[in-house]
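One chain, chain A, appears in both complexes that follow, with chain B as partner in the first and chain C in the second.
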Partner chain A sequence: MDKYVLPKDNLSKFVSEMIGKYKVFAPVNDNNVTLFKQIKNPKEINLEFTNSKVPPKNLLFCQTETLFKFTPGTKGKIHPVDFDNGGRTVFGIRPCDAKSLAILDRVFKGDFEDPYYLTKRKNTILVGLSCTQPCLNCFCTSFNDSPASPEFVDILLTDIGDKYFVEVNSDKGKQLVKTMNKLFKSATEADGKKKKEVEKKAKDIITRFQKIDGITEKLDKIFENPFWETVANKCLGCGTCTYLCPTCHCFDIQDETTMTDGGRVRIWDTCMISEYTLQASGYNPRPARMNRVRNRVYHKYNYYPKNFEVIACVGCGRCIDSCPVNIDIIDVVTRAGEVKP
Partner chain B sequence: MNNNPYQPWLATIDDIKEEVGGERAIKTFKLVFQDKNIQNNFTYLPGQCAMVSLLGKGECFFAISSSPTKKDYIEVSVMKLGKVTSALHECELGDVVGVRGPYGNYFDVKGWQGKNLVFIGGGIGQAPLRSLINYVVDNRRNYGKLDVIYGARSSKDLSYKQEFAELEKRKDVNVHLSVDVEEDGWKKFVGFVPTNLLRVKPSPKNTIAITCGPPIMIKFVIQNLEKLGFTEDQIFTTLEMRMKCGIGKCGRCNIGNLYVCKDGPVFSYKQLKSLQGER
Partner chain C sequence: MVDEKQLRDAVKKTISRDDVKYVVGYEKGTSGFLVSPTFAFTPGDADKFIFSPLCVNNLAVYPMLEDKPPLRKGEEPDTRKIGLVVKGCDSRAIVQIIQEKGLKREDVVIIGIPCTGVIDPKKIKEKFPGQMKNVDVKEENEKFVITIDGKIHKISKDELLAEKCKHCEYPAPVLYDILIGKEIKSTKKEDYKEIEPLEKKSLEDKWDYWEKQFERCIRCYACRDACPLCYCKECMVDLLDPQWIRRSVNLSENTAWNLLRAFHLAGRCIGCGECERVCPMDLPLMKLNKKIEKDIKEMYDYTSGIDAEEKPLLAMFKPDDPEEFIL
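Entry: the complex of A and B
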């Protein structure tokens, strides 16, 4: 892995050069909430953020996306949409959210490749930013991940004082640095050591821990356990946990029309509402909140590992931060591990 | 061909057969792709499904009810229940729908060659079985004894009446129709489908049983098949769920870690027993 340093004075130039070449998305302050948005000027970036309220998965798997347009009716016609083939950069993505994209890739690839997600994914460079101030409910270390891991980004910046330590992790990253090599300097051993210190300090800030050893196998044994009723009792079914989850990928498809135009639209959906599985006959395989809460946990900790050999949680803590009734996935999974089958 | 799995091909409604009238009406739509190449390349096997849509109304996942031995069209049989299926029932000849697929797995028509087959259907559940039955009948020499057990609430609710009349004329297919309650003029079996199965009493020897219908019917059919000596790997069913994408991405049709759209809809009873999850 190539290593450089980027003097802080050069950061704005680095971002400006990217803005000249790509659509650049970065954390910005929007009504006191940090969100990833397209920026036109490096000054818009909020570097003091912990993590964004909404994960940046929405830049690739859009909250709402038109799959194609059509002339509605029984004599209708289909009008394909053009794919946005332009280069994109996500600046400031956290290592956990970058991992979530590697998790989502498994769903959107496969036998039927999803061109909407994959076109954007292919054209996106991830410029990660290590966490130096993990949040109260961060637990990426429970998955043996690090708040300063370059594993899932193209290049990773880590704030080591007056400069950023830069780790280049892919050809895309190499290419990016190469085109702006005047801004970067080679890293010294001391810089590398400093990065390790920063990483250790960040890891030490993380106090929450989820016990996941053997959880997939354990869940196989406690599907019918009354434990799930106790977990679901206080759930309001609002779906916030799923909308803000960087690995949730469920969606709805709806036709939206006027008299003369229409579009088939994909919209984020949530497995926490009963309509999600309600069949036209009136039958519902997941009629109760318990079924839905249990499905959410199983999807991430049992079904996903069975299908893709990875737990579909990155430990970002957003579902805990935003749950209106304090349902805590760390606590739920840890307790599930302790339930007697 | 396009590489976009969400974008359907257009097909024209070439024929509409009214199978069942009334509140839960069933119609069979014969669909011909507008693009001849698509029609020729749309190859499927019995049990597979397609997403059919009306532009502006939405999409639904249907079992393809025609047999792949018929090359010039596909058919889907649709019960009028929700928004899309109600709109489909309003359609006329020459109207245009979107079709994408084929999706899902299929009945093991190759592996079952040389075996006796028992088909046990109820109501609209006959749709995927119809594809299989017609395929087997069109390749009659490859299969052993054939028993078709099918029932509905009343004679008015029986689908594919004409086709059953044709099948009944054949000496090499045994058809056993039933209605749930007695009615004037009905001379065949009266009672539920699982009971008719016990009466027909197919031998499990070298036999595969395939069932589809309402969940409660499937449950008792399986119980009775076991009573008759069928083992769990001799029993197959095909399932349905609410679906949006049909390609294992939108998330909602899972039973445990499997998606009915992609890993199903055909499951052996053995598989289903080992699968933990809501269904």
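Entry: the complex of A and C
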């Protein structure tokens, strides 16, 4: 892995050069909510954030995506949409969110290849930014991940004081640095040591821990356990946890038409609402909130690991932070591990 | 201060009744300042019940969230009551639902708490960030007393008080079966000062303001699901045939959703502020609700959720109702 340093004074130049070449998405402050948005100027970036409210999955797996357009009626026609083939960078993505994209890849590259997601994924360079101040409900370390891990990004920047320590983790990353090599300096051993210190400090801030040892097998044994009722009683059935989850990827597809034109759109869906599983016959296999709350946990900690050998949670803590009634996935999974089958 | 022993005794007594299914109240949450709704099914469960200025949730939503699966042949419906711990505003939601015949009075056992104001979770999280251990919060002499790691912080109430409490005219439950503590009266008056700056804006600026807000909406419907008065069996946004609001998440559909919801709550919203509290995108939804509440108060001299015997605003007619808008 190539290692460099980027003096902080050069950051804005680095971003400007990227803006010249790519569509750049970065964390911005939108009415006190941090979101990843396309920026035209490095000044728009807000680096004073723990993590964005909505995960940057929405840049690749958009909340609303038009799959194709059509003219309705007997003389109807299908009009394919143009794929955005331009290069993109996501600047400031956190290591946990970058991992979530690697998790999403397994679905969108699975039985069917999804061109909408994969085109963007292929053209996107992830310029990660290490967490130096993880928040209260962060628990990426429970999955043996690190708030300063370069594993799932192309380039990782870590704030080590007056400069960023830069780890280049892929060919895409190498290419990017190569085109702007004037901005980077080679890293010294001391810089590397400093990064390790920053990383350790960040890890030490994380106090919450989710016990996941053997959770997949355990869940197989407690599907019918009354425990799930006790978890779900207080659930309001809103979609906050799933929409803000970086690994949730369920969607609905609908045709939206007027008299003269139409489009087939793909929209995020949420398993927390009853309509999600409502069948045309009127039958609903997940009729109660208990079924739905349980499904969220099973999908992440049982079905997904069985299918793809990875737990579909990265420990970003968003669902805990934003749940209106304090349904806390760390607590739920840890307690599920302790339930007597 | 609420006597928690008295509260727990009341919960125990209520859940011990044969005609009560469960009691909903508050317990400590999983971190710092969080409290969580909790359910007592046995008298033993009552021991975890608490009440402190952190108990912001409106629990009146729970009777309306009850899953009612179709009955099997010969099965009788469970008609047992639900016990609820309520503050002033929460009790108004119950009254409003009873007015609308969403619930019958005998469906609920109301454990009322005279409330002197709750803390805005966002404000306290900002003031004391990163609190993992549960924090004890009390109210003493117009101050919130917060004990963190043995250190006592006394913060003026105004600094942390939830917006909805600042002008609350009904701090004591308007309807209850058991009251924990003594009746209290409000000295506050709702003057709608909060919405004045927005009211003064030009139509264009108003649109501009709301567009910037609605753009952020992710349509998770947490506003709807946390709202005790949003209890339609079929919500218009879930309907597919006809489809009133498209599933596409964009400014146009988001605006339609948020405005339709606000209008649907006209004369019904009791101002508990749950929609705004739970909104993950921080949409200032109470500004919409408060504006409508103000207009209704001025035009019809009507306040929602006060008297369970009264008819809902949109179900009654008075000969002297203003009619300027009728051509």
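Note that in this section the second predicted complex is superposed on the first by the 339 of 341 C-alpha atoms of A that agree within 3 Å, B and C clash if a C-alpha of one lies under 4 Å from a C-alpha of the other, contacts with A are read in each partner's own complex, and residues count from 1 in each chain.
One rule holds in what follows: a residue touches a chain if its C-beta (ideal position, glycine included) is under 8 Å from a C-beta of that chain, and two chains touch if they have at least 3 such contacts.
All figures in this text were calculated on a predicted structure; none of them were measured in a lab.
Asker: Touching A:181, do we find chain B (first), chain C (second), both, or neither?
Answerer: A:181 sits against neither chain B nor chain C.
Asker: For A:260, select first, second, both or neither according to whether it touches chain B, chain C, the two together, or no partner.
Answerer: neither
Asker: After superposition on the shared chain, which partner residues are touched by A:236: those of chain B (first), chain C (second), both, or neither?
Answerer: So A:236 only meets chain C here.
Asker: Check the residue A:295 against both partner chains and state whether it touches chain B (first), chain C (second), both, or neither.
Answerer: Once the two structures are laid over each other on A, A:295 reaches chain B alone.
Asker: In the superposed arrangement, which partner chain does A:35 touch: chain B (first), chain C (second), both, or neither?
Answerer: In the superposition, A:35 contacts chain C only.
Asker: A:67 contacts which: chain B (first), chain C (second), both, neither?
Answerer: The answer is first: A:67 touches chain B but not chain C.
Asker: Contact-wise, after the overlay, does A:80 reach chain B, chain C, both or neither (first, second, both, neither)?
Answerer: After superposing on A, A:80 lies in contact with chain B but is clear of chain C.
Asker: Output check: A:273 vs chain B and chain C. Expected answer is one of first, second, both, neither. What do you get?
Answerer: Once the two structures are laid over each other on A, A:273 reaches chain C alone.
Asker: Output check: A:326 vs chain B and chain C. Expected answer is one of first, second, both, neither. What do you get?
Answerer: Touch status of A:326: second partner only.
Asker: Which chain A residues lie in the overlap of the chain B contact set and the chain C contact set?
Answerer: Shared contact residues on chain A: 252, 254.
Asker: What residues of chain A sit close enough to touch chain C in their complex?
Answerer: Listed in rising order, the residues are 30-33, 35, 53-54, 63-64, 135-137, 207-208, 230, 233-234, 236-240, 242-244, 252, 254, 256, 265, 267-268, 270, 273, 275, 287-290, 320, 322, 324-326, 328, 330-331.
Asker: Considering only the defined contacts, which chain C positions touch chain A in the complex?
Answerer: 29-32, 34-39, 57, 61-62, 65, 67, 69, 129-132, 212-213, 216, 218-222, 224-226, 238, 246-250, 274, 277-278, 280-282
Asker: Could you pull out which chain A residues touch chain B in their complex?
Answerer: Within the complex, chain A touches chain B at residues 67-68, 70-78, 80, 107-108, 110-116, 220, 223, 249-255, 257, 262, 264, 266, 269, 271, 276-281, 283, 285-286, 291, 295, 298-299, 302-304, 306-307.
Asker: Which bits of chain B are touching chain A when the two form their complex?
Answerer: On the chain B side, the touching residues are 2-8, 10, 53-59, 81-82, 85, 91-92, 95-98, 215, 240-242, 244-245, 247-252, 254-257, 262, 276-279.
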